[in-house]
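Shared between the two complexes below is subunit A, which pairs with subunit B and subunit C, respectively.
== the complex of A and B ==
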């Protein structure tokens, strides 16, 4: 990994307006940003809509290409692209998850997944795009299997959490699901053995150095052997597992706590995202974005991670989501309660 | 489940399929109040601490609230059924116990004796406590099954007639015996699904109706003297018993005053686990108890002393109706067990009848919440081509109900399930419900014939969509 020594700057490229309420979450389309396909991402909001943004290849500026509306009747809380970038799943407080198909830039709602008792909060596709997970306020995590013809079949309803489940995230390579909750726990789910159903195989909670308050989000490093979680307890926590065991498929490789990044945040951390090259971005209730990298020196809190930079007042209000882009450039998008989205580029002053 | 619940409840590890929801209208002591924290901090004005009495929540509150789907487990705290059961015996009520065959199987596996022995010993045990009679819900289930067969044929004919609005919701007919499913359908799914659900009462409510509308006479009792308790594999049965639909008014004709008193078909429900608790509480060596003669009035026991009933450990609804309809509508006599095919998993099985290359009947067993979701999904988009669905909320069906005795240490749920399946039909002669002499006699003396006005009056019920409460819609974070 390249070292990020010296001056480095998070430069605002563009501020995107359009949503009329807080922006909850955003998701980059993984199939864009290479082979001449312009970068694109989706954002979702309290205004019940989803917006699709695309970069103009000549000007480099971002335009809203589509507004997905009149489907969800309440806040759209999160969104996720299938690995092929063909399908977008959107989770809403209206208790449904909508599946949108991208047909030449037009988005058709091709399926609606019902079943959650009330607000759906999170949605995630597995690496192959064959499974979709959702979670919500009813404390449950649902796993759906994608069938031909945009049909979805429920394969499991998991009841392990004792409170609101904030986010679900599939592991980037293996079919293992992670969920984090207001019950302060991260739970790991796998389809093991002969029981023909999914089970909780690990709970990362307070007894194993886990969080002491709501866990809001989690993200994996590029190799998939490390995971970072963020919480209302004002810390980021890094976890790791045995990659060889996990990839071999010989049983479940448990996760263990590596370190906690504390003392950097003084308000709730809502979002965390690990870039392909190893930079951890966090978005928090103090309106700031922070970037962390692994370092050889031991930092003040004894962790092996150091603060690379802090962007104060990144937004006028809470930063709800931060997401690194695919493609070559170090682009970061952030979504906020102030109703805007910002696209940032990480640059060294020499590049100015 | 909250760790603050009583140990008894925690040991229960109740797996009735959905835990109490946060939108419950009544905040319970011991529960985290304001369970969902706003995603955003909100300004709050410090208010005076109000000293309040612990809130009592009744089963009826639960039924009326749209906050959660099933919450019988929570309500257990207040309802303490065992104490209530014992106190009613002491009040010199005529206590009648109706035992489910699933509970019988669970106790049989637990004590390592046959289901018939369990039944006889349990009869002795209950009688030693002062219980007047112990009946068998596989007997009332035969009545339920006869009525269900009749309803299916009525729906089938309705479906054949064109230009009938109602025919659209004739199929699939959905079994009504699972109270978890009924609660879910009424609270979460609402009116679109309710017309599909069989109007016939569950075996629990059927035996309640038989006892309190008819059998009391044969026993020389008055309905208001009877305290009727069922023993069930499932906590949700407690909610079922508390439904307003299963309470009737009795006019008393005494001293010129016409006072109406409310009579419940089933006054109380004990789970299998609670009966085990009672046995332990009374410190009896169950295996050494005497085998008492069974009460034949409402029990499937033959002259020769054999138990009899239908196959199918969740009530045999799909199996019985399929067999009956194949014979009466299509002239196909099917002997031996039906050949259900696994579709997705062992909790989703299907059977079809083909006549001249055409599928004329398509039935399915659908157990557990995930499979239930998929059929509901198909039903909603109009792609459900089943004629009958035996839906049960619990995975593996009723033998695995939340009220059954838990696996012993080291025993897997799967092993226990297989053991229960085997034991369930032990000592039981497979017999058509239409051949049941007690059922025949009830029609002859009381109900006239299947589907008659009398039968519908006593053995059928209605379902009601529960409106979403405002509070359950107000959260906006």
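== the complex of A and C ==
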């Protein structure tokens, strides 16, 4: 990894307006940004809609290409693209998860997953796109299997969290599921036996150097052997596992705490995302975006990560979601309670 | 001094009498109250188990008519529900397994309903979390 020295800068490319309520979450379409396909992402909001944004290849500017509405009857809290970029899943406070099919830029709702008792808060596809996980206020995590004809069948309902589950995230390469909750824990779930036997295989909580308040989000590094979590306890925590054991499939490779990044945030950290080249972005309730990188020298708090930059007043209100783009450029999108989305580019002076 | 014995014991005597009377009344009232709670809880449990049994019977009838009407995963869920219903110790309410079996039943029921795209309920169907009107985030 190259070092990020000097006056690196997070430059605002565009401020996107359209949502009429707070914007909760963002998801870049993984099948865009290469081979001449313009970059695209989805955003979801308290205004009950989902918007699809696409970059114009000529002007480089972003336009809203579609508004997905009149399906969800309450806040859309989270969205996720299938690995192929063909399907978009949206989780809503109306207790349903909708599946939208992308047909040449038009989006049709092809399936609605019902099962959660109330607010659905998180949704995630596994690496192959064969499984979908959802989580919510009813403290449960549901795993769904994609069937032919856009049918989704419930494989398992996972109960273990004692409070609201804020987010679910599949591991980037292995079928292991991670969930984080208002109960301060991160839980790791795996299919233990023959089939459909999903069990909690590890709980990362306070006794093993975990968080002491709500865990809002988590993200993996490119190799998938490190994970970063963010919390209401004002820290980011980095965890790692034995990649060889995990990839071999011979039993479960437990995760262990590496370090905590404390002293950088003074308000709740809602979102964290690890870029392919190793930059950790965080979005917090102090309206700022911060970037961290691994460093060779040990810092004061013993962590091996240092603050690369802090963008104050990135938004007028809480930053709910930060997501790095696929493709060549170092683009970051952020979503906020102020109802806007911003697209940023990380530039170093030499590129100016 | 024997003259004052009864006076000295007066407080104790009143206390004992009062206690006995209260205990007797309490036993009657408590038994009545317990009976009411028992009837209510027993009815609720019976109603819920009966509801699940009814659903399982109808689904199994459908499977007998057309063995391929449901996916194997749904059929497994229905089978597991049937086993749980048979295992439920109806005549032994103090059995510690009661809650565990009921929780598993509710879970399997939710999964089967979700896969069949049906929402089945009856008046008084238990909702695990009461709907509160707090701010959501």
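Simple rule for what comes next: the second predicted complex is superposed on the first by the 349 of 352 C-alpha atoms of A that agree within 3 Å, B and C clash if a C-alpha of one lies under 4 Å from a C-alpha of the other, contacts with A are read in each partner's own complex, and residues count from 1 in each chain.
In the analysis below, a contact is a pair of C-beta atoms (placed from the backbone, for glycine too) under 8 Å apart; a residue touches a chain by one contact, two chains touch by 3 or more.
On a predicted model such as this, the values are computed, not experimentally measured, just so you know.
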item	value
Combined model on subunit A where subunit B meets subunit C, clash or fit	clash
Touched partner set for A:127, first subunit B, second subunit C, both or neither	neither
Touched partner set for A:75, first subunit B, second subunit C, both or neither	both
First (subunit B), second (subunit C), both or neither touched by A:309	neither
Partner chain(s) touched by A:119 [first = subunit B, second = subunit C, both, neither]	both
Touching partner for A:347 - first (subunit B), second (subunit C), both, neither	neither
If touched residues of subunit A are counted for subunit B and for subunit C, the larger one	B
Which of subunit B and subunit C A:190 touches, first, second, both or neither	neither
Contacts of A:37 with subunit B and subunit C, given as first, second, both or neither	neither
Touching partner for A:162 - first (subunit B), second (subunit C), both, neither	first
First (subunit B), second (subunit C), both or neither touched by A:64	neither
Intersection of subunit A interface sets (partners subunit B, subunit C)	75, 93, 114-115, 117-119, 137-138, 153-157, 159, 196
Residues of subunit A that touch subunit B when the two form their complex	74-75, 93, 114-115, 117-119, 137-140, 153-157, 159, 162-164, 182, 194-197, 214, 285, 318, 337
Residues of subunit C that touch subunit A when the two form their complex	71, 73-74, 107, 110-111, 113-115, 117, 119, 127-129, 131, 136
Residues on subunit B engaged by subunit A in the complex (per definition of touch)	1-2, 18-19, 21-23, 32, 35-37, 40-41, 68-69, 188, 344-346, 369-370, 373-374, 377, 380, 395, 414, 472, 475-476
Subunit C-facing residues of subunit A, complex	75, 93, 113-115, 117-119, 137-138, 142, 147, 153-157, 159, 196
